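The first chain written gets the first letter, and so on, giving A, B, C and D; residue counts start at 1 in each chain.
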Amino acid sequence: MSDYLQNFCPVHSKPQREDDLKKTFATLAILGMMPGLALAQAPNFDDPAEFGKQREQLAASFNGPADQRYLQYAGDAMVDTAQFKKEGPWTVCFSNAGVNNPWRVVGYTDMTEEVKLHPEIGTFTHVDAEGSDDKQIADIDDLLAGGNCDALIVSPYSTAALTPAVEKACAAGLPVIVFDRGVTTDCPVTFVHPVGGYGFGIQAADHIIANVPAGGKVLMLRILPGVDVLETRASGARNMFKDAGLTILGEEFTDGDNAKTKSIVEDYLQRGAIDAVWMDAGATAVAAVEAFEDSGFDVPVVPGEDQQDYLQKWRDLGFKGVAPTYPTYQWRTAIVAAVNTLKGEQVPGPEWVLPQPVITEDVLDQYINEKMPPLHYAMCGCEDMPGYPEAWGGSK
Amino acid sequence: MSGTPVIEMRNITKSFPGVKALRGVSFACGRGEVHALCGENGAGKSTLIKILSGVYKPNEGEVLIDGNVQHFTHPQHALLAGISVIYQEFSLLPERTVAQNLFLGREPRKNGLIDNRAMVEETRRVLGLFGVRHKIEPDTLVADLDVASQQMVEIAKAISLNAKVIVMDEPTAALNESECEVLFSLVDQLRASGTAIIYITHRMREVTRLADRVTVIKDGEATASFDHVPAPEVIVRAMVGRDIAEFYPEPAKPEDIGRTVLKVEKGSNYALREIDLELRAGEIVGFAGLQGAGRTALAMAIFGAVPFTGGAITFDGRSRTFSNPRDAIRAGIGMLSGDRKASGLVLMQSVRDNGMLTSRSFANAVGSAAANQFVDQAGMTALLDEMRVKAPSYDQEMRFLSGGNQQKAIVARWLALKPKLLIFIEPTRGIDVDAKASIYHLMRDLARAGTAVMMVSSDLPEILGASDRILVMREGTIVGEFDRSASEADLMLAATGEVEGAAA
Amino acid sequence: MNPAFAEPTGYMNYLKRVGALAILSAGALYVIVSGGFDLSVGSLMTLTVIGSSMLASNDPNSTYWIIPLMLGIGAVVGLINELVVSNLKVPSLIATLGMMISLNGVAFMWSGGAPRGYLPDTFRFFGRYNIPDVPLIGILPVAVICLAAFGLVLWWGMHRTNYGRMLHAVGDNPQAARLAGVPVKSVRISAFVISSLTAVLAGVILGGRAGVSVDIGSGFELQAITAAVIGGAQLLGGRGSVPATIAGALALEAIFTLLNLLGLAQPIRLVVQGLILIGAVAFATYQRKRVGR
Amino acid sequence: MTDTSLATPRRRFRFDRNASAILLIAAVLIYLGLVLALGQTRFLTLENVIAILTRSITLGITAIGQTFAILVASIDLSVASVISAAAVVTSVVMNGNPAMMLPAIAAVLVMGAVIGLINGLVIARLEVNPLIATLGMSLIIQGILSYFYNNFAGNVPAEFQVFAYGTIGVVPYSLIFMFALAGLAWFVLRFTRFGSDIYSVGGNQDAARLAGIKTVRVVVGAHILCSLCAAIAGIYLASRLRSGAPWIGAEGVYDLESIAVVVIGGTVLAGGRGGVWGTMAGVIIFSLIDSIFNVAGVDAFVKQVLRGIIIVAAVAFYAARSQRPVA
């Protein structure tokens, strides 16, 4: 048999093949080392000054109408927009990073409903980058080339990547409103965002620290590494746990995948008790809670987010929950900022910091609405809008 | 011939799993010599050539060029050593032009870039050797050429290499008479210019016309070698090794031949026209013709694989249309395709699965094992035993078997269905001589049992030896009918169109 | 080292976890053996979960008609896949890639981007419920029963029926199969339909286990192919084993779990998966060449 | 019988050779029709045409490389990871320092060539199915990359952003670069022996081997070119995004999209037929589709459904005519 093989692959004699393998592994090793050259470059997601500032802002009182959180703002810095004043009807353009998760879907619905409240907006042009920086840059180019935009709203996919495109739009004389993630230029009229990632981390961590005795064990679940908003949430919480003397069992990435989340929590449960599960976003909170349920354990302290399924689970099981929020009403605020800019009115800026409320057990019932879809974000600030609740998929 | 031969092969031995393809074959060819290499299908000629051209490595023995031992491990080495081969299976790329094919892998370059103009001009020059009647434009896509032209391109490719040695493996299989003549005069020119030519054929006419020396290969051994061209009978006896009479079974007696099983009237499709034929129970009908004459197309049409688009079929006394193989099989027709690997075998499956494939196709899909009347495992085992299929186990994968055993397993596939008409296309291609004889006997046994047998073959001795009646095809239609007493020359003349064959 | 595997409950949890992938891989194997690829299975799982949540509107009795309806949709998807492949002559890689993209879009369109209903407990029963207090093994998850049942059916279909042998023949050499009388088209159609049906079943089980989310099935198509390849299946058809594929799925998940327990991060998992994939195929090729071809 | 049989056959109009042009014309007509029907002639400005062409430069550069892989009857699923790796290495090595521009580019090109070499060897020598080999490679690269980096890392100097954002008049350098690269690829395929060998090996590996072509080298060479193009696409993307992150290749779905545009451009998956201009047509078709969707304001989800259907329909447009069975 062996000489038969030789005849059919006369080119590859054996030692040669081993050589190839060696080469393969050597090159793999080199490949592995190359990115290691500048390992120390990671962006700083552990900024005590920013942490302190956000902690203050969480507790601060906001300016603006008390019953309309989406119009409130921290501080009193305003920008003058007289130069952008224009007669209607306007074309407002919106370059969206994507509508690929429920948070963005709820937010985008907020936005389109808000547009309906402003008859001065003649055309609302929405382009969706489907979660790609490259495509979003091209989309903004398209809008600048043929969009006839009077104002441009950008929800950037990545901060650094979209900066040149936003700069280009500013240079074209357009008023630009940025929200959610920012850009590293101050050329936009304003940057609309809630308090921030540290704040989100603080709210959940405060709750855990208050309800878990010192030395308690915390599992940290995270969606994915590298997203600045999520990294700050984690670093804030991590520091607080250490200071409070809690043990961090581990930090695991779930990809936002329920099945994976469940598996991870089950695996940890096999190894010992868990006193709290901290999460950088609430999408997988219910899966984590179910992992305790299905394994026959009592649900410990599991914070989530303001999604209906979590809020209802929390109420039904009565565990120690808390729901920090990253409110979707900022999508409304972006439209309001654009409209005010085109009217030439003053707009909070260069940053429009919105309040970032936390849902605690006392106010839980206010936010539960069983008529809304399970993944609806309760902190949408949309209950007063004419399209509510149908536009968000709910029923009356 | 004098001095060191250009090419010499010494004691070449080569085995494949289950087959010893070559045993100690020695062979030499000198400058300006045409050396005919004769042998039956499956005798080992092609294996020898593949060793010469660096495709296979011999287990034992050596290849010498101009007296120097060579160790080819890649076809390129053989090419560089001046050996060029015209393979039986075309090695042309259909999506490339004639010129690109001619210079495949050795395009002329100017300043490091392909010199397209030189390529086209050289192509035109080489193709010019075929004369103006056979004009092929260098920038035509090979896919747009007919089979004969493609064969011409293959030949031109070998010539354009200016090789020391040119091997031609049955180069006339697709050529008509005048095209053959062009080729023969080319061979004469090459010989005159000192090229060594190894000419593989089993057509005695060509041996007589061209060869200076003859070597006969049988069962993997060089059984005879002549420094002159002996009488055809001598060569044939050396090739076959026994009396033709023994090799081929007795023909059918008139009383064996029964009712008409298949009748085609005015059958036509893209490749066929005006086909009128009758096949009768108990009779073996041979179909002769050049490649591309429509024999395989006719078989495919009867079998429903590439159906007739015009005309009428009467099968088993009923008017039928077969629009796919399933229709034909259900009616009682079976077909063994010519290219076993490409369209006959499922190589990764077991011998038994290959044998039962058709039975299973007509059984209940979820039915299993012996419970089902169509899928009789025990029956298949018995059938395979009966046919003496040599395999370590019938659960062995098909790809490990020799060609003859593979062919037997496919025959078993059809025998299990007891067909009324069984079509064999090139039934003995790539099969060793012993297995060949048993295939012929098998066909005869089938016929005796009342099956109509249609045999398509390019092997004229086989056609003459195994058939009861011979139909010759040319250009998509039947041009002649002969009985088994016809000569090869009669068939060739009819097949090439020089003379219309007389009805027998 | 790992108590998860030290007691029966741990094993059961592990089998429960891998149930969806194992069933999916065994079904995808049908298409692989027939000589094609089915990249649409992951998105079909997503569609199943999202569609079911949309239709259920929190009504526990809806499960009884939703699952058959979803199976019906799955069958149509499989049928379209095959018709595009055989009638429009689009390679299955591209045809099912297009189907994958489109089905994801359909799932989003249907739900408006976010699912609008819960999966009722009756639906989640298959993926979530454990039968408690079973002797010897502690708990018996319904997903494990499903895995055993569907695995058995798929094994039987592939290895114990005429159909299974024809499927192998079609993948091995479609031309030879056609000339031998195999009804190539219906064999292929059924392979794609079976693949799609198992994707729906896997979706039901996964949705039961994990609940509603928008990209629940993404990545499963490649994992299924990986499992089949680890199980020795021949890409481009002709060879494959249902038990080995299920074992491949179990091995894949076991390796991931193990890496998790060793505290190795996601990146390492990717590298390991890549090496296993190449290694398994290279080894199989080497083996096949060693015994001659 | 006369001498008809060997006469040169008439030149048939070969539909499949012109289909990519037909598709491109169709896409342009649809775009024009839509723009005119909506009365939005502002989309017909030169700026907008350039914006459309510039949309898909990353995809275009990648697809040029993918054309080589597919022509040689292979395929490369690792391009997306290579793009990510190249972008990250570019921005990390440059790290804002203009002096590091050339070393960074050199390092990335070496990396691309090495990855292509490994892909090629695994496919041609170990005879691993190319889908599996490059999928595995993709996972390995992605794993190594995300082990070291989990965010945008480093940044490119402003001088280097000229590559993506600089223009001659209104025409971006990058657009010129892409077409120049396509021209170079065409040149290689048309005028070099290596190019000719690619078609031969892709068309029929056995025939190529019999003709003396070292098929392993050709396959490896095609894969090196493919990975090099992906690496260049990564360099471009780093310039465009100012930095590189380990997910930017995957988020652009450049692996599957590059295969789709190559196939839409008329290169057959089985290899040996097609060319780089068809691929460029495919890329422009994709850009046009995106722009048509944007102009028509198609909902993002409907867009996705349509995109899937368009890919299949475009491939069916050629394939349905072929007689070859597919699987």
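Heads up, the rule we're going with is that contacts are C-beta pairs under 8 Å (C-beta built on N, C-alpha and C of every residue); 3 or more make two chains touch, one makes a residue touch a chain.
Keep in mind it's a predicted model, so treat the numbers as computed, not measured.
Common neighbours of chain C and chain D, listed by label, are A, B.
Looking at A-D alongside B-D, one finds more C-beta pairs in contact between the chains of A-D. Distance between chain centres (mean CA atoms), chain A to chain B: 69 Å. Averaging C-alpha coordinates per chain places the centre of chain A 32 Å away from that of chain C. Between chain B and chain D the centroid-to-centroid distance comes to 43 Å (mean Cα coordinates, whole Å).
Each of residues 1, 4, 8, 11, 99 in chain A touches at least two other chains. Counting partner chains per residue, chain B shows two or more touched chains at residues 16-17, 74. Residue positions 113, 175, 265-266, 289, 291-293 of chain C each touch two or more of the other chains. If you check the complex, the residues on chain C that touch chain A are 2-4, 10, 13, 17, 20, 53, 111-118, 128, 130, 206, 209-216, 257, 260-261, 263, 265-266, 289-293.
Across the interface of their complex, chain B is touched by residues 1, 3, 5-9, 11-12, 14, 190-193, 195-197, 199-200, 203-204, 206-214, 272-273 of chain D. The residues of chain A lying in touch with chain D in their complex are 11-12, 17, 20, 23-24, 27-28, 30-32, 34-39, 41-43, 98-99, 125-128, 130-135, 137-139, 141-142, 144-146, 148, 157-161, 163-164, 225-228, 231. By the touch rule above, chain A contacts chain C in their complex via residues 1-2, 4-5, 8-9, 99-102, 104-106, 108, 250, 252-253, 256-259, 261-264, 266-267, 270-271, 283, 286-287, 290, 294-295, 309, 373-376, 393.
Those residues of chain B that touch chain D in the shared complex are 53, 55, 74-76, 78-80, 85, 87, 91-96, 100, 104-107, 109, 112-114, 116, 133-137, 140-141, 144-146, 148-149, 152, 176, 178-179, 475, 497.
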